[in-house]
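Please find the structures below.
Next come two complexes, and both contain subunit A; in the first it sits with subunit B, in the second with subunit C.
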Partner chain A sequence: MTIQVAAPAEAEAKPRYKLAMYWASACGGCDVAVLNLGMKLIEFTERWEPVFWPAAMDGKRADVRAMDDGEIDVCLFDGGIRTDEDAEMAHLLRAKSKVLVAFGSCASEGCIPGLANQRSIEHVLAAAYDPELNDVTDGQVPNGPWESPYGELHLPTLQVRLQTLAQVVDIDYSVPGCPPETERIAEVLGAVTAALDGTGPLPPKGAVLGAGTSTVCDECKRERGVKSIKEFKRIQTLAEVDPDLCLLEQGLPCCGPAARDGCGAKCPAAGAPCIGCYGATQGVNDFGARLLSAYASVVDASEPEEIERILAGLPDTVGQFYRFSLAASLLHGGRS
Partner chain B sequence: MTRISIDPVTRLEGHGKIEILLDEAGDVEHTYFQIPELRGFESFCVGRPVEDMPALTNRICGVCPEAHHMAAAKAADAVYGVTVPRAGRMLRELLYNAFYVTDHATHFYVLSGPDLIMGPDAPKAERNILGVIKKVGAEVGGKVIDARKAGHRVIEIIGGRRIHPCTGVPGGMTKAISEEERDEIKALADGMIEFGSFSLELFDSMLADEAIEEIVKGDLYTHRTYYSGLVDAADKVTFYDGQIKVVAPDGEVFGQYDPKDYRDWISEKVEPWTFLKFPYLKGVGWKGLVDGKDSGIYTVAPLGRLNVASGMATPRAQEAYEKYFATLSPDGTPVHSRGATHWARLIELMQAAETVQQLVNDPEITSRDVRAIPTEVPTEGVGTVEAPRGTLTHHYWTDENGVITRVNLIVGTTNNYGPIAMSVDKAARSLISKGTIVTEGLLDRIEMGFRAYDPCFGCATHTMPGQMPMLVTIRDKDGNPLKELRRD
Partner chain C sequence: MTAPMTTPQTSAMAPAVTAQPFEPLILGFTCNWCSYRAADLAGTSRIKYPDNVRLIRLMCSGRMEPEFILEGFAKGADAVIMTGCWPEDCHYRIQSVKALRRFLFLRRMLSDLGIEPARLQRFYASAAEGKRFADEMTRIVAEVKALGPIPPEIRVTLAAEPAAPAPVAEPVEVEA
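After this line comes the complex of A and B, so read on.
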């Protein structure tokens, strides 16, 4: 969709800020969440001039290169840093933007694709181009430049680890969520406009925008009661999921106690445990450490065998505790 | 050797690139259409509990997470050998058909509409959704926004969220819908059908335009390939479940199979110059990027689905299907022109809208019986749906604890990678001859070729479907730029 920007309706000369949005290694969901602003998006264009947004409008890398440093007022950068090209774009947009925002889970903490850091890049390539499942000639699989009969063809090179935006360049803010909820995006754009206009507070550098400072549990409508569990259960083994009771208390490994609020607790409301897509809550550096301590406080056991049996109910500890945050975690993923 | 690099800078920025190599005489020697990204889902899904897969694989694509969610849930059902209760299955299908209405509407009006409704020769400044609304009226713009919203609302009610749904689990769904929610969907369904009728009528009136007719019937994007897609038990087009039917370029049935046997039928060719793979029919073989009966390349998505099925599953869509074939191929053999995909897409939109209405009016749709508890030991399972952009297959292997040990994914657009690359090559060859490069039409034609397929490299890699402004650099044999063309 080409966003055409109308001139401001009134000539009262409020400044119009320059906005960029870019996706690195992403799924496009962040961009769809912004597009879902619909009519609101058109209203925002009265105050924001989109100067670079590959998902929605015309624009070229060369145009960004031609800009002055700091020419873009705000850049929303989504997607993780998977290839050398992603890293190059991160450096370029950092230089050209006054305010660089890590937008969405991938840029903020690596998201699901960050789970690739649990294994080597060789494993990634071996699984994607498994010769038993694919037709591979002479073991030739893609990664990096390739010498064609007509000269070299450029193909990006996968980095050893997927990195978050902040691991590659200096960032100003982050907006969590996979994807960020559209209503939260509207609030962020409104608040940033006010800050630039000088009519609202400028958030401190490093602030998390578009989310709360509490946990998903705090905005979840489910009732909490017994406070302790004897075992973890997998949803496909649970004949009945009580529609009103806390999912963790029913034994489902919900991430609510560690996850930041702001999403509206939609997954638990729909009978699915929180998977932690809004990242760790305020003041917590490591999602997994926080979730583990939350689980420890509800697990009703004191004997080592009993604890072991309860934890065996979680078949994938890395995925459970670092589903969205492995790349950003204290573990950093990373076998190379 | 002259080398032309087309670096599609907008919607394929950094994620799709075309290299055209000319021979000494100045004719096209070879075209490379590269997809330069890989995230590695087949690797990092290993070790995860199978019930996490619907949520994990949503993140393959934010444009069509519903398709991955459904394929993953179905693969997880198959891993446990569990049958979803009727109401649970209906909820999945209801969500999925509502998603089709939204997705097809977006493609037709927002992405392709500018070409079709404004005409390919309209000024560039008018060839966007605002130009479309201006031409057809704000009322129509409102209809499009409402139809998309209606689909999103149904997805949210049944799937829990608008993007990346969360309710599909092995054996069914995490939640039923209430009677109030059912009534809300009922009202939305009526609007969807009206929107489908309106869109088909609009297309009829557009066909009177010669330029549009040329897009739909013309030869530039005609490739005589095999076609593949799901059909139901009555041999009609279906999206959520069915058997895969393959027809040859002449329309002869090549075969029909249960999706779980896909490995007997297709393989994927790995090339070292692109991260995306080229699926092909094993029984025909890989002959490179060429069409015809001896090449295993096949086409999927609306064009493929209508070519393999004997009709549509709902009455209004069937009526449109009959008109489509009467116009484009009266003897019922496959329609090969890629431009016809736009029409086929609207016929599917109508079927999806009618299916939403049928399902929401089923008395059992509010049943609480939406999930079955698996009793078998988990092993291996395949889940296949028709994504809007082609057949989507998830194949999982697990240990006896239901933890993933191996994954194979063949996503919708990937199936069409070969045909898309062929259309790019054909467009290049039609405009480059003996050193003369018809620069004017080159970018337009390549772009329109792309749009017909509605390629979602969000699935295949990550880029959204749509308009593709480009930068073309023509270099001399030493790599010095001779000429630069831009399309904004």
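After this line comes the complex of A and C, so read on.
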């Protein structure tokens, strides 16, 4: 494979923009998705200079503090705001960046860590430091400054809830996905480069980049007919999944009807139901409410007992309806 | 019916004792053809029911989107009531049944989110059932009064939380 490098004269003529990428309460998958750009990433570094990216290169908070306000051109911020450190970094990077992007599901809508919003901090800590499962903390539950058996530690303090980036600071754009698909990231970086060069349109503030405005169902190649469900099934209980028929019609709880498109509907194509990682589609305020409405419409029952029996096939309703979006939902979203 | 008047002095001295009784704010959705007519009949018949309920008329109970109910709770409702035509009378054929399915699904999900099932209620009332409409409303208001307000940790607001961290002394950066 050859690396396409622009001619030196051409490269010199174009400015090089400063890029930051930070992880707050995240798993690091978004950073890996960016690294998955592979050879394209090397091309991008001709136009983008990474100035702060803890997942990929050395750099400290003090380096960011030393920057001028607005010095970073674009900051891709992944991860939700769960600790006081996350909030501090969100405010810091907002001040230092011209364009702040909520990157990935955690920053956009809370993702899996947001499911912890169902419980109190005490409950979350007790589960995480269950003495049955760990003996590192010696029965103690650290939160904030902690005299550990190994010396004094300055751990971040948990906030009441996990918040999305937009609930804490003003954001310019969001890129959904857990993680965002690598080809979509390339498109977004290309479009942002063009916008900064002045050769492409600047998306309106608040726009969702790297995704469509329809649903995963629209992208899905499976055959769709009139849906009529007598029971919800778990995929492991099926002898085989029909390769061509809509998964929801087969009784599998698929999130396609409410989820934003842009991923290419890869999960349903592979025979696994959509889990809704691209978040609520355009115009939907609450992912769970929309999905619940869609399911209630296809259930084939009119007597309360029968409806309840079918509903019992979804043992964890919050996990089913809000797997990625509880922190951004109407009731646990903190949007008042 | 009204609470006895207290002077500012006494209420300042004993705020806990003179605290207002809990008056729930209840959102009620009616359909255009049956339950709204029932509410109308209750009104023209001078049948009284508690004024905690704020009614919103939809064309059909099937128009009720779960989002409306969640937004109602998020914006301060202590309970939501869905009313509509009896299933066999629905003017839009099966929509009343669809509303029933949404109601049962939503009640389960709200319960999993920490909102008691009794805070989401549903009943049918035909255009002739003004008395039934008022009786059901009275029953539900009493039930919600007994429940009390939704705990604040369930209905969290941004204002209740520190958005910006308190200014802290520059921490020592540890070299990795």
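Throughout what follows, the second predicted complex is superposed on the first by the 304 of 336 C-alpha atoms of A that agree within 3 Å, B and C clash if a C-alpha of one lies under 4 Å from a C-alpha of the other, contacts with A are read in each partner's own complex, and residues count from 1 in each chain.
Please note the rule applied: a residue touches a chain if its C-beta (ideal position, glycine included) is under 8 Å from a C-beta of that chain, and two chains touch if they have at least 3 such contacts.
None of the values given here were measured: they were computed from a predicted structure.
When subunit A is checked against subunit B and against subunit C, the one touching more of its residues turns out to be B. Contacts of A:S302 after superposition: subunit C is touched, whereas subunit B is not reached. Once the two complexes are laid over each other on the shared chain, residue contacts for A:L245 go to neither subunit B nor subunit C. Of the two partner chains placed by superposition, only subunit B is touched by A:A33; subunit C is not.
Legend: residue contacts after superposition of the two complexes on their common chain; A:R61 is shown touching both subunit B and subunit C. Once chain A of one complex is fitted onto chain A of the other, the partner contacts of A:G288 are limited to subunit C, with no touch recorded for subunit B.
Looking at the shared chain after the overlay, A:V168 reaches subunit C, while subunit B stays out of its contact range.
In the superposition on chain A, A:H91 contacts subunit C only, with no contact to subunit B.
When the shared chain is aligned, subunit B comes close enough to touch A:V136, but subunit C does not. Of the two partner chains, subunit B is the only one touched by A:S148; subunit C is not. Subunit A uses residues 58, 60-62, 118, 154, 316, 318 to touch subunit B in one structure and subunit C in the other.
On the subunit C side of its complex with subunit A, the touching residues are 65-67, 69-71, 73-74, 87, 94, 97-98, 100-102, 104-106, 108-109, 112-115, 153-165, 168, 171, 173, 176.
Subunit B makes touch with subunit A in their complex at residues 1, 3, 9-11, 13-14, 17, 19, 21, 29-30, 32, 34, 36-44, 46-49, 51-52, 55-56, 58-63, 65, 76, 80, 82, 110-111, 114, 128-130, 145, 149, 152, 159-164, 166-167, 169-171, 174-175, 263, 267-275, 277, 280, 286, 373-374, 401-403, 406-408, 458, 462-464, 466-467, 469, 471, 486, 488.
Only residues 58, 60-62, 84, 87-88, 91, 118, 120, 154, 159-161, 163, 167-168, 284-286, 288-290, 292-293, 295-297, 299, 301-302, 304, 307-308, 311, 316-318, 321, 329-336 of subunit A touch subunit C when the two sit together in their complex. Considering their complex, residues 1-2, 4, 23, 25-33, 36, 38-39, 54-55, 57-62, 79, 82-83, 85-86, 89, 111-113, 115-116, 118-119, 123-130, 133-137, 140-142, 146, 148-151, 153-156, 158, 178-179, 182, 234-239, 241, 243, 266-267, 269-272, 275, 277, 315-316, 318-319, 323 of subunit A touch subunit B.
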